[in-house]
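Multiple structures follow.
Same chain, two partners: subunit A is paired with subunit B first, then with subunit C.
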Partner chain A sequence: MLEIRDLEISFFSGKKQTRRTDRVSFSVRPGEILALVGESGCGKSITALSILGLLPRQGRVTGGEILYAGKNLTALPEKELDEIRGREISMIFQDIMYSLNPVFTVGNQMIEGMRRHLGYTKQQAKEKAIALLKRTGIQNAEAAMRKYPHMLSGGMRQRVMIAMALACGPKILIADEPTTALDVTIQLQIMQLLKSLRDEFGMSILLITHDIGVVAEMADRVVVMYAGQCVEEADTKTLLEQPAHPYTQALLSAVPGVNDEPGRRLYSIPGAVPETYHQMTGCRFAERCPYAGNCPKKGEMKSAPDGRPVRCDLAEKKGREAHGA
Partner chain B sequence: MNSSGFSLIMKRFSRHKTALVSLILLVIMIGAAVLAPVVAPYSPTRPTGSFSAPPDSAHWLGTDQIGRDMLSRLLYAARISLLVGFMATVISTAIGVVLGLVSGYFGGWIDKMIMSFTDMVMSFPYILLVLVAAAIFEPGLWSIIWILGFVNWPGVTRLVRGNVLSLRETNFVKSDVAAGMPRRYILFSEILPNTVAPVTVYATSVFALSILDEAALSFLGLGVQTPTPSLGNILNGAQSLTILTGKPWLWAPAGILIILLVISINLVGDALRDAIDPRNNG
Partner chain C sequence: MAHDTPIMEVRNLTKHYRAGGAGLRHAVTKAVDGIDLSLRAGETFGIVGESGCGKSTVARLMMGLEAPTSGEVYFRGERIDNMPESRKRLLRPKFQMVFQDSGSSLNPRKRVMDILAEPMLYHGKAGRAEVLRRVDELLEQVGLPSAAKTRYPHEFSGGQKQRICIAKALSLGPELIVLDEPVSALDVSVQAQILNLLKDLQEELKLTYLFIGHGLGAVRYVSSRIAVMYMGKIVETGGADELFRHPAHPYTQALLDAAPVADYSLRNRPRIALRGEAGGMAPAGGCPFRDRCPHARPVCAEMTVSLEPVPGGEGRLSACPFGR
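Right after this comes the complex of A and B.
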């Protein structure tokens, strides 16, 4: 449905070019929730932004393609991209502080948007806006329409954002860390909301997150990113039970569990994401990898024993056992 | 902005007592100036009494050197000075906002070009620029308005550009782009309203500054020309020492009026800044 193929995004400062993602490939299938997981700075957010052409000024897609409905979005002129934005693919963001225009009421911005985009009359737009707000779980939708963003709680604002993103009935919703700025209880509510909306509207969701808990709760499939590369792709169950890449394994053991024996020290991955990862050749995780000892460290895509792609030279031969998990 | 936002601003504004007094003063002064043809007792340009007569019951503020009523002249002068200040502010705000929006939103070489031009105008010795311009163009009401309008916009441009730069990174602007909204809509319907508050505050100081500049230029004889009265050219008549020491009714009221106008406008502007600031709650 949406296919990202060998995507390379570079940032430019002056003449200096920094490759922030390296041959990122994955696809979003109809009706699924695909999670893109990784640490901060691994390139997951810019990958998401590039889909709708929202990269910051310094950033540019320098290789690969993003295919949607037979069109390469990276090569599409702005005007045609605008046809897809919002209507076919829409997006919600992490920061809830400034995701709504502070000088207009909620109703105002929703109605204006729909009149522009769908050619609704004021009354039609208003009815649709109230219906959408109700659907996203805002109890007193009529009252919320008259409020300014600063009068709403974070959870409410995110609900309004979701309602706005759904206005044109998109086929794909990109959610860039939609719950990171929210309380845990509200996080769960928003997650459940997104999931039920997916079921109701039959859309796909591309979920960007660093939270394995959110992945376990929400996603059908997972793509793990590390230092600008995809390192592993699997359905959620397989990934959680049999992580093939040492980075994924490390991520999972860094999650505290209720069943942990008391006094277990929380695992943390030694070292940090190398800052100059774009200049590295070979395996980018090698420095932090516990199995780096007798590994060729080429960092090429291999197949795990069950056939799924893993960027680990040891994956093919020995599988998970070799890594000892 | 709808009624609830407006009433909130009024509530916060009215907590500044000095600003409230200033606002009332300002309304009275502007009212008197606008209604000058109605409230002025005499014509501002025709002699109606004896020369340089001190205040009496017929001429409350006395008469000037050629027998014109000072109160009437002052009312008309305030009208002219306020008009100059207001129009100059409108012109510089309009130029500043448009250039700032374009510069901040589009960036790249457009931004570089506009900003270097802005810096150029800003780095020019201000009073010299005004003097040269006043010397080149025929002195008069409209040339002084255009000149002051053209020297005060760079501040507005920088203010708006800075605002736009931070606004274009906010998620509501990104959401608009992600929703496929036209650029024109984003720029004028989403970003522009967010700059209204700071621009309004800044404009009040441009207003006060323009009134002062008009007074200075007219005082030097390069601004509004007699017989049209302005606060500056009334002061211009008070350049001689005998008038300065012996006939204060010829210059003191105009001076006081300038001070009152400028202080009131600035105080109102300050209170406005506090009242509009969204971080200022309750």
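Right after this comes the complex of A and C.
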């Protein structure tokens, strides 16, 4: 459906080139929710932005391919990419305040997009917009059409964003931290909405998140990223129950849960994500890894015994047992 | 320390804000609406609730950063909300605050050393040499290298900045620290580091914490007792473990239901998604939660809501008479 192959994104500052992702590869299958999970700075968001050619000015794809419907999106002229953007692949953001134009009403923004992309008449677009707003759970859709973004709550704005993203019936929805700015009860509503929309429209969702809980609730498969690299890929159940990469393991035991036994001490990963990881050779997690002692620390992609890709030199041998976890 | 002397106590604390409208018709937002709390020495008391529920306002009122519309705030039995500033200044070192946004809590033009020394010099705690020695000690306590003191805030990561904020709060030897969403802006691995640091410091220095958060897991992890707030009111309070295991108020149940759990076997657990959103005005009279409550009944619109003991709830209080 959508395949990312050896993607390398670099940021340029003057003559200095900083490689922010390193041979990132994964693919999004039809109808699935694939989560791209990792901490800030791991490269998950820029990977998502690069798919639609939305990297900031100083960023550029410097290697690899993004394949969609037989085309390499990284090599596509802007005009052709514009045909795909919003129509075939659309995106919603965490920053709901800045993703809507503050000086136009919700209705104006929705109608404009549909007239432009789908060639609807004003009336057709209006009817479709109201139907979409209703579908995303906005009770009084006609009234919402006349409102400006600042008049809506965070949850409502995200619903409007989702409705706009759905307007052209995309095959893939990229959702960048769609619930991070929302309260938990609203987060649950939005997660349920996204899942039901996936079922109804059969689209794929590429979910970018830092929250393992959200992954557990929504995703079918997961790609874990660390310091600009993919470190593990697995279906959600396997990843949560038998994480193979030490970073995934650490991440899972660092989250305080509502069902935890009292008195449990959280595992905290020592140190911090290396800031200059783009210059590193070998395993990028080594200096924080509890198993680095007797490990070659090459940091190459290996296969765990069950076949899933894991960027850990110890993964090949015994899988999780090798880490004594 | 006697267990029954609360270190800080608030009674019937209320804060109203004018929310637009002119003259006699102006609307009032009841940010905090008649809250009673008491913090025992050495405990961590957690307040949870969604944005706009008034939890941060409670913290600001306790710290004296804002004046309450009505109600009283006591520190060690002494009323502080109407105290003259000159007297309050003497008490201030005893209660300190750490904010979510560590970046804007630190002066970008000052070195860490000066940031940490400033409160001590202002309050005349010690001489120059003593202050410098204390700076080293503070940095060590929060797990930063001594070399950090000559650097500026922007040279640190989010987690390190939060460590500096904690060191600053510790500098005057407080008894109580109010932590307003101290880990919400941090990555999970860093979050765990800071939560563990806070726990260790509490044990070492016998601190009392008021921990405000919206991440239920984090609040549970550090708190011994918890209050759940909804639209300016406490709807349930009690021991953290009991409250999370057997929530009595429908809103507490809904909050726990909505919290994502990193456990695949619980993925399809039955749970209720609340209708609508909190915000704007509470419905007039009756229970403020009734328009979102899955168990609401007609009487909820008329009854006077008050916190009552939960049967068999080990001192827990709930504002819903129908809670199970």
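As a convention for this text, the second predicted complex is superposed on the first by the 323 of 325 C-alpha atoms of A that agree within 3 Å, B and C clash if a C-alpha of one lies under 4 Å from a C-alpha of the other, contacts with A are read in each partner's own complex, and residues count from 1 in each chain.
By our rule, a residue touches a chain if its C-beta (ideal position, glycine included) is under 8 Å from a C-beta of that chain, and two chains touch if they have at least 3 such contacts.
Every value quoted in this text rests on a predicted model; they were computed, and no experiment measured them.
Model built by superposing both complexes on subunit A: subunit B and subunit C fit together without a clash. In the superposed model, the vertex angle subunit B-subunit A-subunit C (Cα centres) comes to 80 degrees (nearest 10). Applying the stated contact rule after C-alpha superposition, one finds that A:H117 touches subunit B and leaves subunit C untouched.
Once the two complexes are laid over each other on the shared chain, residue contacts for A:T21 go to neither subunit B nor subunit C.
Applying the stated contact rule after C-alpha superposition, one finds that A:S204 touches neither subunit B nor subunit C. Of the two partner chains placed by the overlay, only subunit C lies in contact with A:V215; subunit B stays clear of it. With both structures placed on the common chain, the touch criterion links A:L266 to subunit C but leaves subunit B unconnected. Contacts of A:S45 after superposition: neither subunit B nor subunit C is touched. Once the two complexes are overlaid on the shared chain, A:D82 sits against subunit B while remaining clear of subunit C. Smallest inter-chain Cα distance, subunit B versus subunit C, after superposition on the shared chain: 5 Å.
No residue of subunit A lies at the contact with subunit B in one complex and also at the contact with subunit C in the other. By the touch rule above, subunit A contacts subunit C in their complex via residues 39-40, 153-156, 183-189, 191-192, 210-217, 236-237, 240-241, 250-252, 254-260, 262, 264-269, 272-273, 275. Taken together, the subunit C residues at the contact with subunit A in this complex read 50-51, 157, 159-160, 187-193, 195-196, 214-218, 220-221, 240-241, 244, 254-264, 266-267, 271, 273-274, 277-279. In the complex of the two chains, the subunit B residues touching subunit A come out as 1-2, 4-5, 107-108, 169-172, 174-182, 185, 189-190, 193-194, 196, 278. Partner subunit B is touched in their complex by these residues of subunit A: 52-54, 56-57, 81-87, 90-95, 98-105, 109, 112-113, 116-117, 146, 148, 150, 161, 164-165, 167-168.
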